[in-house]
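Next come two complexes, and both contain chain A; in the first it sits with chain B, in the second with chain C.
And then the complex of A and B:
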């Protein structure tokens, strides 16, 4: 066995002990201990510093463990409540302070909105309508309103067509017809904006305006509750929360119109002084109390659709026509996400036709119920958030065919793919719907709107005929959303 | 903080999540209960209201959940053991019951397959 270093040093250590050092060599004040080692008496080496707790030196005195400071930055920090974050995410910006003010831009008025000369011209949306349209959810985030100084819109052929129908209905008075249209068209063809224009024009005419901004919310089972109506077969449901939201929207937007109309009929509602109320107060009551929301909506609708007989008008006020619009309607023609138990305790989805609020709108759109004082019912399909709905597709196809060949008798079987499962309940209801197809805008309209974008400072090129023609072609023949993408958004950050 | 079957739940808690927190209520049973009481999947405990919470509690009281359900599971395993079935023996040995391989890991079986299963 090899001797250790210590053992080898034993003779030298013994020498150290035997030969005592003189006391004078000791440092003053130092204590001498008996030791087998001599080097401990040596003075500390100059220049060697005590440890500062750096890397590799172990924990400081008093500390139990070595703690190395970590990167304390919080990753993926979430600021605010989920509600505030959603509000921020879904906010609608309608103004760009950096955009130029377009000189000579007229405001949409009762005169300009309905004139034939206005086709192909851009008008600003009146200031008092902006808040109302925002409340109704008519502005969508993807429509690019945030790029311009203020909301302005192009009056196109179809807008004018709706305006004409409104003129006819307003002039006809009692017994006026109801126009029902399903707006169809490819993605970004301006279907939702046409609804916005229709709502704005209806407000100019002082009609009652109601808008369902997204039909998906009626059936996704996340936005609203559902409650059964006793004694119905099949079981019907009303949606308290959505009805209250809708009533709140109606009350705020139509305040001026509804305040002039008094309650004319008797309703079985637990509301005091109901007979002395106007319709605005009635709607506010429904919006405030969830349990009353649906009965109040029914009462309000009964009041709005009461016939404008002379004695009724004199005593309670004239009932104006109604503009009722809904966007993304394919969601309300089929099964919803709500569930109920069948007789054998099996879970089955609730059909949207058993939900009273969507059914109320569907009956109006398909002509099952009528509006005695006239009105316009509009529905828009969506290509972005689309749910497959075979019966509606069949009905739309038939509607297009009917537009092209008005005298031809159409057979459902010619449009019905037998390999696709189809809901007859829906098909029977929607088979006769009228469609309003939206295509691209004309080159003249395109030149006008590109001119507006250029004056807003958002077009880099010189706006000439060849430029307009090129962009018009690039956008699939004037599909307005694509045109804006090609002209404006390509110049902006990331084309958004 | 609605009180559901002697448990407090925060207002923002989804009803679905609250119900599924009880032993013996899984996704399908939960959907059935919610459909029976007409509660939409997006409903939160705060939006239910006292009468509906009371109805739910009554329904839960009539069901076999929590300790009763645990007891039922234990009884089922005990019955298998008593009749000396293969499944009963495997439970008793803490081994997989349904033909799984035992070459590598059987941690879940070791944890759960007992005569007096905890939960």
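And then the complex of A and C:
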């Protein structure tokens, strides 16, 4: 066979190799591989893809890999927005159509509510009060109103006591005293319901009623805004939104009372025809405009606490006494969740005494400011959802001691635990508060309320002395919430 | 071959012979001291007891004393009266023998003399060194809050202090009060009914439902949900029963159900609960096919299945909250509208169809035994 390349051509071939190829031969953008092997130009064959175990492909058959299974459980089908669901969950139901109507149940009236014979009797709350009390947030969800035909309440010793003070103040007229009480007592002892009763009774006497249903809302920085008042030291804050809501509540609940009273003083408010307004219209103005809410509240308060001089009464109407209540008060005695910038450029919590609305109530409760036309200021502690407040605890303990030994002079140091950090600003303010301790109801009262429950169809036992005695003992000596739990809820849901 | 009777162990069973201790585990000071007199004297020896010359006891011969023994006399008297006297074979206690014989009493041992003296003074002493008054007086005198609100507000410890000298009216009151106490004590305690003994805090069905509703270990949330379910049942209108879907026989009328929500829930669950479950035994039907075997369910198991059905159905429903969904399902079950009834019926149908397999396991074990 003849060789393709003769030996004579070898030098010429070598020359070809040595001569550099011109650079123009390389196409721009072409890839240079670190391999002398030529790459395949052929495109991939179309057809069924085979897993090669490469990156981005499925695992080879038989190879174990991490598999995360999808959660196949049935998810709860919820409807509505979270807000609407919360509103639905926390709504207050005040009647049960399945419950029996209790025969012979009287209505709470101006006569029955204040009579001594009413102690230990159950009365229905008047229909026009129910809406007002609901608006004021006086009904709480855990109080079990949804089990009965309509809201009814037991007049107990302490209710009657508040009624008596109310009578005294109403009779005294000008220069009447102010009753200030912090209602204390163990969990479920009826503190919030006592406030509800007091509000209802005040409405029967046509007083002005104001209620802060939950003090936590004023300080937890979630449900209310805060705005600084310029030129104050320490910096004060007012809460537009809450003030507007409160004014709205006051205007709606006290419509008839406030409509009779005219504005008697001059206020620097950007409201037209202020001089011809009545207090109801003033409050409505404040409720409608957020920026005006706090100044209007102040103006309203000045009007309500104007002295009932004869000429003022004749010209502008008589100012009634005020019932101002607040629940779960331990939240407004200390630091709030709001923050402000301190001098060292650090954020520090705002003290609740620098929040104008809580301070307004605190001054009334502790007697720093007075009510010239009289009134009752009530505050209830809570044992369910509260924050500890050492100065308030000291003051409450001292208040209890003062009840037992009215003549003794008490020393703060005897009640002060030196190992607990105490807020002196709060302690100085609350040191002289009066307390109203709530204990269990008596056996007679227990029998009456159990009878009411039985007639509503919630007791499946015979209500006899031994039954009442047993339940009274089981409820820690007639603590009313526990009594309800032992008698009603045990029958309804097995006590769960 | 070992002896049939183990002499050593027999002897040990007798009370007077202590177990032999070889001293390995016992402390030296606790070892019995060896006395020369103990083991030399046997209790069965006839030499120890004095014997009477005529083989008669001191009181055994009626002729010599002129009287029968006390027991015999009592026996004879009761025989005349038609009764049954003391057992003569038991012998007569010495105390009884010497009761009517002052001379004999003088010769009694000291211990017995003292006993006799004690039995003569039967009236116990009027004072007791300890108090048997269990109740606290304080509790009884102050039941509930004081009578006037002024007393509440200014309540001191005065009410608990008793004055040193009682006035006449107060003394009467106190006497009356103490009389009342005596009467109260004398009255019998109310008899306990079987239901009064609470071994479980909650009804069984409630406990079970709480357990099934519970998720992520949050029991109190589950309890709250169950309470809400019952509360919704309580406030819902009475269900309209469907005669095509009969509930458990003997249930109360529909209008009663919302008044007793636990009964409402129990009725729904127990009516819905299937009687059987179908167990699929793999490969038992031949050719790798599984065989359905109906198995009976206990009460608790039946409730478990029904609750599971109800809760699963509730999860698919659309409503605002979980308790509302569950309550809706329960109401629809009682009203006969729920699709769960179909499920129950189908299960029972299949159970009937496969009832030939009921004895599958017995037959299987029987076959094995024969092989």
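In the analysis below, the second predicted complex is superposed on the first by the 420 of 496 C-alpha atoms of A that agree within 3 Å, B and C clash if a C-alpha of one lies under 4 Å from a C-alpha of the other, contacts with A are read in each partner's own complex, and residues count from 1 in each chain.
Keep in mind that, in the parts below, a contact is a pair of C-beta atoms (placed from the backbone, for glycine too) under 8 Å apart; a residue touches a chain by one contact, two chains touch by 3 or more.
Owing to the predicted nature of the structure, the values given are computational and were not obtained by experimental measurement.
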Look at the residues of chain A and decide whether chain B or chain C touches more of them.
C
Touch test for A:266: chain B only (first), chain C only (second), both, or neither?
neither
According to the stated criteria, A:78 is in contact with first (chain B), second (chain C), both, or neither; which is it?
second
For A:89, decide between first (touching chain B), second (touching chain C), both and neither.
second
Based on the superposed arrangement, let me know which partner A:227 touches: chain B (first), chain C (second), both, or neither?
first
First (chain B), second (chain C), both or neither: which does A:404 touch?
second
So, does A:98 touch the first partner chain B, the second partner chain C, both, or neither?
second
Find the residues of chain A that appear in the contact set with chain B and again in the contact set with chain C.
none
As the complex stands, chain B meets chain A at residues 28, 31-32, 34-36, 38-43, 47
Residue positions on chain C within touch of chain A in the complex are 143-145, 149, 152-157, 190, 201-203, 206, 210, 223-224, 226-227, 230-231, 234-238, 258-262, 312, 315-322, 325
Chain B-touching residues of chain A, taken from the complex the two chains share:
220-228, 237, 337-341, 345, 347
List of chain A residues in touch with chain C within their complex:
74-80, 84-85, 88-89, 93, 96-98, 146-147, 157-158, 160-161, 164, 403-406, 436-437, 439-445, 457, 460, 466, 477-478, 489, 491-496
